[in-house]
Structures are given as C-alpha cells and as structure tokens.
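To start, the structure itself, in structure tokens.
As written, the chains take the letters A, B, C, D, E and F, and residue 1 is the first residue of each chain.
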Amino acid sequence: MPISARNQIKGQITDIQLDNIMAHVTVKIGENEIESVITRRSADEMQLKAGDRVTVVVKSTEVMLSKD
Amino acid sequence: MPISARNQIKGQITDIQLDNIMAHVTVKIGENEIESVITRRSADEMQLKAGDRVTVVVKSTEVMLSKD
Amino acid sequence: MPISARNQIKGQITDIQLDNIMAHVTVKIGENEIESVITRRSADEMQLKAGDRVTVVVKSTEVMLSKD
Amino acid sequence: MPISARNQIKGQITDIQLDNIMAHVTVKIGENEIESVITRRSADEMQLKAGDRVTVVVKSTEVMLSKD
Amino acid sequence: MPISARNQIKGQITDIQLDNIMAHVTVKIGENEIESVITRRSADEMQLKAGDRVTVVVKSTEVMLSKD
Amino acid sequence: MPISARNQIKGQITDIQLDNIMAHVTVKIGENEIESVITRRSADEMQLKAGDRVTVVVKSTEVMLSKD
C-alpha cells in the first residue's frame, strides 16, 4: 500500500515504553536510533515489542534541517 | 543548542528543488535518503545547496510506525 | 500494512491541482470532502488522478476539536 | 471564526479517555470514527464528554493519502 | 468557538506572498514576527491581506523548546 | 545552529508538568504564554525547570490563522 509520506525506512524496535494514552518507541536504523511517540492503542493493536521489524514513516513536511 | 526534537541525524544534501514558497531537499544519510520540504526562505537564508552537511531534525510525535 | 496513524478512511479523489513542489488533492468521503496537501512527487509516483479510490490517513495527534 | 485549517467536519463524541497530560477522544462522523489526541487541559477547559457535538479540525498538510 | 489548540495569539498581518497552492503570511505580534504557511485557498477564502487583524493558532504538540 | 523552522522566540519557563512519557511546559513570552507538549525524556535531558530561559521553536507550516 503506497502512502504519500515520502520517508519510509526499515528498522528494528529496541525499546518500548507504555503509558495510558501514549507509547514511546525506539527503533534502530543502521547506526542511528529513531524515537517515535504514538498512541498506546496503536502499540497494543500492532502488538509492538522489542525485536519487531518495523518501517518508520515520516512526512517530508515534518523534516527540518539545521546547519552547523 | 539542544532542542527538544529527539531525532537529529547528520547527512549530506544531494538535491534541492526551489519553488516560490517551498523547497524540496533530499539528504543522504548512510544508505538512506530522507526528503524534507521546508520554506524557500529558509533554504535561501541557510544558503542550502547540494553537498552541504546538514542535520535532519524530526519530532518524535511525527514518526509513525508500520509493520508488514 | 498496518500503520500507527489511527485514522484511515476510504474515499475517492474528485480534484487534483499540481504545482512544482506541492499538490492539492480533494477527496470525497461520504457526504464530506477532505482536502490533502502532499508533495508533487508523491502525487506523480502514485499517479493520483480524479476518480481514484484512496485512503485518507491522519495521525490522531493532528486532529483538533472545537465546540460551538 | 473562520480558521485556515481546511478540514472541519461535525461529529459527536462517543468516548473520552483522560490521562494526566493527554486525552484520547473518539468522535463519530457519519459511518466513520475519528480519533483525536489532545491535551488534558483542553479536554477539561472545553468540558468535553461523551455525547458532545464537536467539530473535528485537521490541516490539509496533515492529511496523507494511500492507494491500494 | 473554542478549539483544542492551546496557543492562540492576536496579531496583524504585515506581509503575504501567494503561490499557486501555498501562501506565506507574516504576522506581527508585539515585538515578534510569526511566519505562517497555509494553503492559497484558505488565504483567498479568508481574503487575507496586509493590515488584517488575525489570531495565530498553534497546537502545543507543535511547539519545540531549545536551550542555549 | 540555524534551523529551518522559521519561528524562534525567546521566553522563560513558568510551569512544567511531568508525566511518564509527555511533559507540558508553559513559557512566558512578553505578555503571552505559550504552551508546549514535548517528551518527558527531552524535558529530563534538557533539565528544564521553571525559570529557565528557552527558545520556543515552531515550523511555519504548523501555524494556522483565524479571523474574527
């Protein structure tokens, strides 16, 4: 199912912290770690857990750039 | 200057397309390419061009996860 | 491919306006129309056109509520 | 008060879950359900509760499209 | 019409640049200037022009913090 | 470190509420108060507390406009 969000990168969950409404998920992508905050309900329904292979999805308008 | 956005990854601009109000920038990060859409004004003021080393910055609440 | 974005509603494209970097797409969903602004590149790669059946996807943290 | 966010659809709250900082609200719109995550403070100040008629508001740049 | 977005500040438009799909609007708020990128359609329908008194609206989850 | 987010305004934290995953921070900017919801981890790592001088950072595409 192609989606208009242009950034889709495969990785593996290394950590997941669950609260009542939100969940904080860490995903290893190559040498980098990406952090994602999603709803607890999505984490439960997708049965996310450490070790899962997932795709990180980010819209291009949400990607800022900085320069040293 | 630390910023609350949790994802900050270094890369290099490989392509930049400018329109009147928006700019579409492609950044190489390891084996992946990230696309960023920012304002033309920021692209101009930061003098962004292909070859520049930049940091990609994304808030964790903007990172979705999908599972095959 | 399940995705963590909680709102996924099926509809049909009724109009699409293309600019150099952005595209403005109108989707009919039941009695409502939803407007989406995505990148021109995604519109091209997905070959979006009027009449296409698509799914509108929105993260729950992007949904505001107002009360009269 | 017109607002620049282009998507404004009327519905009715069917469920609300409150945590310390966030609130997860479900809104019935025609045959669909939309989920919204807002701050607990807004939920309290707007006195949101099941049965309330509300308008769901979403910026067009937050609406992604996917195609089967 | 109360809305769940927690930041609503009054200001005055000082500049507006229109493109086919997007519009870039500058708003003076006290001693600061805020820049807003909205759709051209909203700018047209709201008949926004320099001198207009408007309210800037931002969701709290879109406000990042940095520290020197 | 210049960043592409166009709105960067200096202020002072007046209140901070911490939950397990999220933090709700209030920042005084001139006569206005801005509310920011970030991750608890960023609040901890940046050691944010009332009285801190911070810069509020908002992307222009996240700034909506309303008119009375």
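One rule holds in what follows: a contact is a pair of C-beta atoms (placed from the backbone, for glycine too) under 8 Å apart; a residue touches a chain by one contact, two chains touch by 3 or more.
None of the values given here were measured: they were computed from a predicted structure.
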Statement: Considered without chain B, the complex falls into one piece
Field: Third chains touching both chain F and chain A
entry: B, D
- request: Taking each chain's centre as the mean of its C-alpha atoms, give the chain farthest from chain C.
  value: F
- prompt: Of the pairs A-F, E-F or A-C, which one shares over half of its contact pairs with C-E?
  reply: A-F
- prompt: Roughly how far is chain C from chain F, going centre to centre by Cα mean, in whole Å?
  reply: 29
Field: Separation of mean Cα positions, chain D and chain C [Å, integer]
entry: 17
- prompt: Residue numbers in chain B touching 2 or more other chains?
  reply: 1-6, 19, 22, 24, 35-39, 41-42, 46, 55, 57, 59-61, 64-68
Query: What are all the chain pairs that meet the touch criterion?
result: A-B, A-C, A-D, A-F, B-C, B-E, B-F, C-D, C-E, D-E, D-F, E-F
Statement: Note: in the complex, chain C contacts chain E through residues 17, 19, 22-24, 35, 37, 61, 64-68
Field: chain F - residues contacting chain E, complex
entry: 5-9, 24-25, 27, 29-32, 34-38, 42, 46, 48, 52-68
Statement: Within the complex, chain F is touched by chain D residues 1-5, 19-22, 39, 41, 59, 61
Query: Which of the residues in chain D end up touching chain E in this complex?
result: 1-6, 36, 38-39, 41-43, 45-46, 55, 57, 60
